[in-house]
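Two complexes are shown next, each including subunit A; its partner changes from subunit B in the first to subunit C in the second.
This part shows the complex of A and B:
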């Protein structure tokens, strides 16, 4: 098993790099750039907008931008004499930038007809492979810091929803199979269709309006009580804030898992070995739980990995409706602003979560199904 | 005896009056509960005014740093001695470029250090270094030098005399130099990355001081014990919480349930309800003109070959002509063909206010007699006929039959784009599409993601793009230079994206800016003529400004918003215990 895990992790490296490259390309080639958004202000002059492109490094060719993000730029342009300005650079990097006129165009020396240039500072970025994820264009600080600030909220909500979703989903699925064709089964089927038909934002708003506004028994969004005090009390003391977003996120999971589990259980109980168990005179309960459920889990494990990825990456819609300060909301805002460093760190986070999620699914197969051996 | 009675009466009156006033005056600092205000946007990016560049950051900074020059909330104009401003008065030397600012001597930072000219100088030194990442070109281009004369006197010398120099100083704030020097030193370029930006230890000069910041959730300020301008002698609210609420429906529900103290812009969908409940005494409400204008920018130049407005020597570059919008009669026809009442009801819930040009009716430079185009479909159609666009094949869409710039037979077709996801914008242009198609246009409507829309806007490759625009407060009519003068027609980064160039307008804007003596009435007349030109030439269709509706809980005493500022007396707001 250990060898298998190591092999899978090694295989994940090129997948991870491809994912970052594709994401970077998609992001950078999308119409509209960060300057258009950050500088959509008529008080700013054309020169300022052009300067901003140099500051953010988005004037460079795309491969250079990607290399800088991946490997940093401290090796691309450096300062030998310690005057704070770069005096050496690799062949594909400019050592100088043009001075700009008020229109943001390069200034030309009237006498020589040549472009007037200025020295650039040396590169300071180390690149993601050396742990430097760059600074957010919008938040003006480390993209890693921005992500880390949002992770606890997303993990809190994601894990709670996952546990609730899978527990209820599997239980409802098993019971639906046990009571196949009876009232419980019919009700759970109708419930699943209804839940799947309501979009998360609609369900979230309905719940907020009913429990928060009408009954006033649960808070209207947020993660902690609004206080002058900076602290957010520990989770057990503010569970009421988790209830509604958890219901919204878990509802879909319950609906999905219950259907899969029901179908899987029904498939298993029609197998020969179940018939054999029955003919041996085993109790129905033992047949369902010991022989049926364990085998029915195998196809379910396929969905566990992607579910974990989804829940760890945050749900932008739910976080938006509930003003939940998580990664999903951060990701959407960053895409709207074209905040490349933050978009990319979220992509990396999601890519790692995906790779680990699928790996977890495969490991689960091995645990649930004794026929599967990885070594 | 009479004298005795008179004295007794006066004493009795004094005692009575004192009894009435005393409970108010004697209120303790922070006794009025916290103000919780929703933030519909994102986190503030910094609490350092030198590098701030987003509205949310300024929302917080303005509560905890004084302005350099305050704005009088009654007249909405810069004024020495205005509440919240460090400058008590200023003198202009005869050369017209040397301004001497006299500063108040009663303001102090939260650590007790007085706020002085050195604090303003620190801001200027950092900003004028050109090393910070903050966009302050206007300031950098205008200020030649500055000198701290003494603790409370600062001289600024500008590069040239003109009538907008005070506006230029709008981004200037005093910053605690004694702290900034220690924290940032002279590393202005590295200022962005300093942790102090979001964890300031010293603020002051305003009603609140910084307390804490919870990313993604809220920013909290506390009452400033040393605030010297408090209406009631001390800052009454315990603090101010700027709480992120990312959904407008939820935001209003939080207000209805009393979780929020105050909402500074009630969404259009809730206005009637809030107004009715306000009239019934359930809330306090206040309506005031909005700071934004909705417009449709019409590309006058050839969209297939965008060009800068001026060459390197400042000479105009031929822009070509938009095949349809290059003719002013078509642009005017679009104006005449807009039924504002229908638009107002259908898209703005009746809250829109028609505008004729790039000026709000409340701005000082608004000229009498500047009227929006009336709805006149007949006039619109006759203008189109005159422009050579007629419907020769009877399909309802006009074609070029002797028009100025389009090919013969080309349909009168335009693509109008606006930002996707904004329901009022989408409703507005859907209605306008119908109205204009009735005239014989063939309008294609596209709702585009905002970033993509802006990139097309600055690339100048569009027919017509509709967005919002914020107007400066106090109004700076010279701002139209950045939108309608050829110097701002820079493909990819200028905002004269419609490539408008009218020599008379250019002259008026320059003259109004540089008028010797800066006589306000003369300047007003000049800007008035400029607005009239813009209205008649229609490089934009100015659609609407609007009123914003502010609402506060009835538990907030002393809530007295003005057009020039909803929070001008925030230090006196008293939130009764609920």
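This part shows the complex of A and C:
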């Protein structure tokens, strides 16, 4: 198993790199490009702007820019003698830039007709692989810090709705299989389809209107009372904030899991060994629980991958509806603010969550089903 | 035996006539009243959506984007507004009709575009294998490694969506599910005896793909089209809610519903109709998808 996990992790590396390349290319397509936006400042003079372009390497070819974003540029151009100016650089990086006049045009030496050059400062970026996503334009501090602050909220909501969703979903699924074709089965199936048809945010907003605005029994969104203080009181003291978002997120999970569990359970109980168990005279209850349920759990493991991803990366829509200060909401707000460093870190984080989700689901598959051997 | 001959037979004799799977499937859909109701609803709604400009201009004589400050939040069935007026006095019914075209259009064409991509690439990958398969799998793994909504959010940060660009975007990123399905199916059909026989007779790969593989994929394709349309209609509304979807004044079900929640005290009717339209339409597509899947499932044949 350890061997398998290591192999899977190694396989994940190229996929991860492709995901970073894809997201970098998308960002490079943005109007003005990623670094142009970084240099955007109204008070900046044309000369300063052009100088910054040379320092940030905007004129470099795209592969070099991607490499710089990925691995940083402190190893590309560095300072040996400590005078604040770089004196060594790798072969594909310029050590000198032209001197500029006030309108940002290169200065030309009248006698020789060549450009006058000057040394550039050493590179300071450390690259995303070393956790340097740059500073958030909006929060004016490290994008990594901004993301890490949002993680507890997302994990809290994700874990709660995952536990509630899977427990209720499996229970409903098993019961509909046991009472196959009866009223409970029909109602739960109809309920599942209807829940899946209502837009998630519509359901959330209707619940907010009803319980928060009309009955005034539950808070109108948020994670705890004081929004100014980033640290919340311990979870048991603010459960009322968690109820509605959990209902919305769990509803979809219950609908999905119950239908899947029902199908899986019905598939299992039509097999020969269940008939054998019946003919041995085992109790119905024992047949369903010991022989049926345990085997019906196996296909559910395929569902776990997406669920784990969802748990880690959060739901943009539900977090937005309930003003839940999580990762998904951060992603949406950052797009609206065009806060590219934060958008990039959230997308990369979501990619890691996806890769981990599928890996964990495959490992669980092996644990639940002893017939599967990975080695 | 012709169709009219079969119709003349008694029920017991009818059962003895061998029928093609497609014929059986169509018959079973005909008997499945729920699927028929859902199908008729969708067809009716599509017809209305296509004729929306005609209905609003010629029959109702209203402009869906024309504000009328005197009629703000008019309730349904008053002052000549069948479904009332919205926050700046625009006719709610006229806007819903126009929005139906946009939302269903995004759902249908987006799903169709991604379906064609998934179908073509899936068949290429499943039939030819080797380099094509490796390359496509690599692209799919990369696309799938970023969750769909986050990918859409990332793209929304680069361009702001209108109906056309949203359709193209979902067509370009939404085909991975269909691709995997089709690839697997093609793979299993490729190794059947009748494909081997066709190969032995010297059929070209294209003939095999179009004559022997494609017809067997129709039911899977139609089911996945129905479910994709449902998913896209929901995705459009979610994107609109996040403020990243099709921008007003162009009405879509999603942005109408989103805006309506700001005025729930003044105009509850503005919430009810869009949410009902979205939910019922999506529900119908789910029912149609399930109905077609059951109809083509040989183990469920009655």
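As a working rule, the second predicted complex is superposed on the first by the 284 of 375 C-alpha atoms of A that agree within 3 Å, B and C clash if a C-alpha of one lies under 4 Å from a C-alpha of the other, contacts with A are read in each partner's own complex, and residues count from 1 in each chain.
The rule is short, and it goes like this: a residue touches a chain if its C-beta (ideal position, glycine included) is under 8 Å from a C-beta of that chain, and two chains touch if they have at least 3 such contacts.
Treat the numbers as computed from the prediction; the structure is a model and nothing was measured.
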According to the stated criteria, A:64 is in contact with first (subunit B), second (subunit C), both, or neither; which is it? neither
Could you say whether A:95 touches subunit B, subunit C, both of them, or neither, answering first, second, both or neither? neither
A:274 contacts which: subunit B (first), subunit C (second), both, neither? neither
If you stack the two complexes on chain A, which partner ends up touching A:338: first (subunit B), second (subunit C), both, or neither? both
Touching partner for A:159 - first (subunit B), second (subunit C), both, neither: neither
What is the contact status of A:235 with respect to subunit B (first) and subunit C (second): first, second, both, or neither? neither
For A:325 in the superposed arrangement: first (subunit B), second (subunit C), both or neither? first
I'd like to know which partner A:317 touches here: subunit B for first, subunit C for second, both or neither. second
Go through the superposed model and pick first if A:356 touches only subunit B, second if only subunit C, both, or neither. neither
Kindly list the residues of subunit A that each of subunit B and subunit C touches, one partner per complex. 30-31, 205, 209, 320-321, 336, 338
Contact residues on subunit C for subunit A in the complex? 138, 141-147, 149-151, 153-158, 230, 234, 237-238, 241-244, 254, 257-258, 261, 264, 271, 275, 278-280, 282-283, 286-287
Can you list the subunit B residues touching subunit A in their complex? 34, 36, 42-43, 45-46, 51, 53-54, 133, 135, 137-138, 189, 192-193, 197-198, 211-218, 220, 222, 238-239, 241, 243-247, 249-250, 253-254, 256-257, 259, 308, 310, 312, 449-456, 458, 469-470, 472, 479, 482-483, 487-488, 490, 492-495
Complex contacts: residues of subunit A adjacent to subunit B: 30-33, 35-52, 55, 101-105, 108, 121, 135, 138-142, 146, 149-150, 153, 205, 208-209, 212-213, 216, 220-224, 226-228, 230, 232, 319-323, 325-326, 329-330, 333, 336-338
Of subunit A, residues touching subunit C in the complex: 15-16, 18-19, 22-23, 26-27, 29-31, 193-194, 196-202, 205-206, 209, 309-310, 313, 316-317, 320-321, 331-332, 334-336, 338, 340, 343, 346-347, 350-351, 353-355
